[in-house]
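Presented sequentially are two complexes of subunit A, the first with subunit B as partner and the second with subunit C.
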Partner chain A sequence: MKRFLPWIALLALTSVPMWLKDPYLLNAFVTTGIFIVAAMSLNLLLGYTGQLSLGHVAFFGIGAYTSALVSLGFDVELVGGFRVIHEPWPVWLGFIMAILVSGLCGYIVGKLSFRVRGAYFVIVTISFAEVVRLVALNWVELTQGPLALTSIPPMALGLPGLGYFEFFSKQSNFYLVLGVVALSYVIISRLVNSRIGRAMVALKENESLAVSVGIDVTRYLVLAAVVSAGIAGAAGSLYAHYLKIIDPDVFLFLYTVTMVIMVISGGKGTLAGPIVGGLIFGFIPVVARSFAAPEIQWILYGLFMILIVFVLPQGIVPAIEKWFGVGEEPGVPGAAAAKIQDAR
Partner chain B sequence: MLEISDLVCCYGKVEAIKGISLSIKQGQLVALIGANGAGKSTTLRSISGILPASSGRVVLEGQDITRCSAREILARGIAHCPEGRRVFPDMTVEENLDMGAYLRRDSAEVAEDRDRVLTQFPRLAERRSQVAGTLSGGEQQMLAIGRAIMSKPKLMMFDEPSLGLAPNIVEQVFEIIDGIRKSGTTILMVEQNAYAALDMCDYAYLMEAGSIVLSGRGSELIDDKHIREAYLGG
Partner chain C sequence: MINMLILGSTYALLGIGLTLIFGIMRVVNFAHGELYAFGAYFVYFIAVLLGFNFFLSLLISIVAGGILGALIEVILLRPMRGADIDTTMLIMIGAMIVMQNTEQYIWGGVAKSVSTPFPEMPLVIGPFSVSWLRLFVFFAALALIAAAYFLINRTKLGKAMRATFQDRDTASLMGVNIQAIYMATFAIGSSLAAAAGALLGPVYVVSPQMGNIASLKAFAIVILGGLGSIGGATIGGFILAFAEEMGAGYVSSGYRDAMGFLLIIAVLLFKPTGLFARSERIG
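On to the complex of A and B.
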């Protein structure tokens, strides 16, 4: 049953644009979907290796800016009168560049900060996000600073000569984002169910023991950071080409917090956690807006969050698995329950 | 088989091991005894490469492994059963055993070895799909030993295998270790329970404040005046 659940969910979501015609709700689905991708990438680090990246929005924003700049083109003067001129590239190349550049940043941040653990990684990631935000704000020649990058073209797929498909409508963007969510899900589930994923979980559970069974801890942490940053970059790219305008506010700490909330409430270290958490916290503001005043909306958001943390400290997905026994291994009653209890 | 000469290890600026030398011969069970903080665990951590040595040499079967990483040292045949939290609590018994074979690529043989370990430890076989965190202390120690066996080591190092276990379980654990020795694996064991360690070992070293102060055959050390007074209760 558990094996088919992701497919059933995918099928159900595929049908959404067919019966949902309200553009406002479709828009909510698309933006929520983009943040779900970002939350899934954060979950790889936070849930599977136990490292908290509190500057995760940096990779998201770098992806957004990279993708936008690659597809818009730019002309900047570097030191000594040296000019870099970039002609606009097709948008899908911008998407790939976003993944590569964000992944590279993940590599650098990981290499620098995983010499030490815990608090240091948190601090390095926060500062990294802040530095990148200041660069985006002040390097006006490249990023337009607070004036924002505008007229970003929509995502387009295809090859020259074969014609392009532009993701302009909300429906097409819905399927695009759904596709990226599904692809990220497959990549992450493949990764965590492999030898590498085993190693990541092992080092989260007991690092010194992981070293003693021969796991190169730093290497796997950096690898997780690269994959995680790359996926966050993909989410950023989707964001830029969907909204068609980005400014340095994409680096706001608030977005990182949103991702953390989605991961923790849904259940960190579970594949479905960020999706469930993301859908809930992506739609609370949307639903609340229909009946509550703005200040009440955020109070509801906060109350709901506190409620989840108190009632389901493990997150929603592990709690559901516990109730329905979905996660239990056949023939070993209570294994899942014991597992949840033991993880504390 | 293993030769350690003038090994020095530091935590920051503090020298935890002040230049020790010891040697272990093929097939021996060597015990390292001493009080808390004498540097016994540090010695093991240094041999297995978790804590790099500041100076000195560690030579395994004629090859210098002092500067090797923990991974290479394990691949060369030294397995380390650390003290305290001995298992991966959220993984099942089988997954824990497989982690021990993490560096091995021969998956068919790994599966055979896993079955052999499970036949050796029936308690673990009964709980093969249970998460390790729910096992009792003794079962966890057996699992840790089983996991170390899975890496097919030439030398197994045990850090305080009896720590925190009920007396009857301690006896079982020592019997298992003795069995491993009889099967031909060389063993280096750190143990606070000096009497048990001296009773079963071939050779023993006594550490005090980062140095080796005494060494000899286990039966000789049991009769040593200093050891009797300080470690065996008169």
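On to the complex of A and C.
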């Protein structure tokens, strides 16, 4: 039963645009889906390696800006009169570039910041995101600063023999985002169920033990950061080409908070967690907007966040699994050691 | 230059409050900046809307900040004692969102300014001129920093706080009431943040977003100075103010706020224990 659950969920979601015609709700589905992709990528770091990155929005925003700039073209003068002119490229290349550039940034940030742990790691990652936000705000020649990048073309795919398809409507974007969610799910589940994934979990549960049996902790952490940043970059690219306008606000701390709360409420370290948490937190504003001012919505959001941490610190998915008795093996003593043995 | 000293002294207040909470309770207080904003709004509320004396309003808002801090500690943090650092951090982020939006809801998004009883004419000493308000803010902040030092190093409560920082269990065995110490720590830290807001509010303007950047700056100061080091936080405050003025002056004013973050990244990469902490201790 458990094996087929993802397929049933996918099938159910595929049918949504066929009966849901309200554009506002469809829009909520698309943006929620994009944030679910970002939350899934965060879950790889937070849930599987146990590192809380509060600068994750940086990779999302870098992906959004990279993709937009690659497909719009730019003309900037760097230090020393060196001029870079970039002609517009097809949008799907922008999407690929977004993944590559974000992944590269993930590599650099990972290499540097995994020297520290805990609260220090959190603060380094926030600082990184804020620096990137300020660059996006102030490098007006490249990013238009607060004026925002506008008229970003919609996502488009050229298929040999089938012509060129532009994702313009909300329906087509829904399927595009659903496809990326499914693909990310497959990539992450393959990764965490491999030897690499077991090494990640081992170092989350007992880092010094993992080191002592010869697991190269930094290497696995950096690998997780690269994959995670790449997927977040893909989400950012989808966001830019869906909204068709981005400004430095894509780097807001609140977006990181949104991703974190999606992961925590759904259940960190579970594959379905970010999806369940994402659907809940993606639709809270939809429900709340009918009766509350934006500030009140945010207050509810904050209160709900505190409540979740108090009542369900492990998240919704593990709680449901426990309820139905279909959970993974309970944490018996020595399980961490066994996993570490396995990872070798 | 004068501006730098004023900023530095209020940053030091922010930093000392955060380093106390972080050092003793191991809580990464994301709501610290909101207590700073709370202090500023409270002065606005009492001095401008209720028409109280300016100095009395400052005092009241510092006390109110302490009370709010104690409430947050008892309601949100006490039930979570023993939870890991990420869990309390998430709770404080939730508290931050609630507080910031409550401010926005009550006061609206428009920035407010607080009028003061100081004369408009600046004080001129030789080639320098400085407004009376700024001079007052600087000395008031210094006095509060001195008071915090006195409290930590010379009083019985301070001694108990330092003991708790060094070894919680032993302190508890020696008869220190840990719960009370935690509440006092959070209340003192919060009132210092509120004091910083109350003092800077009249110098600049009061807006709901002011807390955002203040939290992150406070983190920068604490990391610069080293975890739990009050002396470090004081110097860290001045270093951050200096770096910001330099960044604004020589790079671009748009990158003023980036200086703090670049400092954080640089310090953590090259000297993770902070610039002034030999080892983890307080006092």
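Keep in mind that, in the parts below, the second predicted complex is superposed on the first by the 309 of 344 C-alpha atoms of A that agree within 3 Å, B and C clash if a C-alpha of one lies under 4 Å from a C-alpha of the other, contacts with A are read in each partner's own complex, and residues count from 1 in each chain.
Heads up, the rule we're going with is that contacts are C-beta pairs under 8 Å (C-beta built on N, C-alpha and C of every residue); 3 or more make two chains touch, one makes a residue touch a chain.
These numbers come from a predicted model, not from an experiment.
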item	value
Touched partner set for A:120, first subunit B, second subunit C, both or neither	second
Subunit B versus subunit C, judged by how many residues of subunit A each one touches	C
First (subunit B), second (subunit C), both or neither touched by A:290	neither
First (subunit B), second (subunit C), both or neither touched by A:303	second
Partner chain(s) touched by A:202 [first = subunit B, second = subunit C, both, neither]	first
Subunit B versus subunit C as contact partner of A:137, first or second or both or neither	second
Which superposed partner A:15 touches (first subunit B, second subunit C, both, neither)	neither
Contacts of A:214 with subunit B and subunit C, given as first, second, both or neither	first
Residue ranges of subunit A in contact with subunit C within the complex	52, 112-113, 115-116, 118-120, 122-124, 126-128, 130-131, 134-135, 137-138, 253-254, 257, 260-261, 264, 293, 295-296, 298-299, 301-303, 305-306, 309-310, 313
Touch list for subunit A against partner subunit B, complex	195, 198-199, 201-202, 205-206, 208-216, 329, 331-332, 335, 338-339, 342-343
Contacting residues of subunit B [partner subunit A, same complex]	48, 50, 69-71, 74-75, 79-82, 85-92, 95, 98-100, 102-103, 129-131, 133-134, 147, 151
List of subunit C residues in touch with subunit A within their complex	22, 28, 76, 79-80, 83, 85-87, 89-91, 93-98, 100-102, 104-105, 212, 216, 219-220, 223, 252, 254-255, 257-258, 260-262, 264-265, 268-269, 272
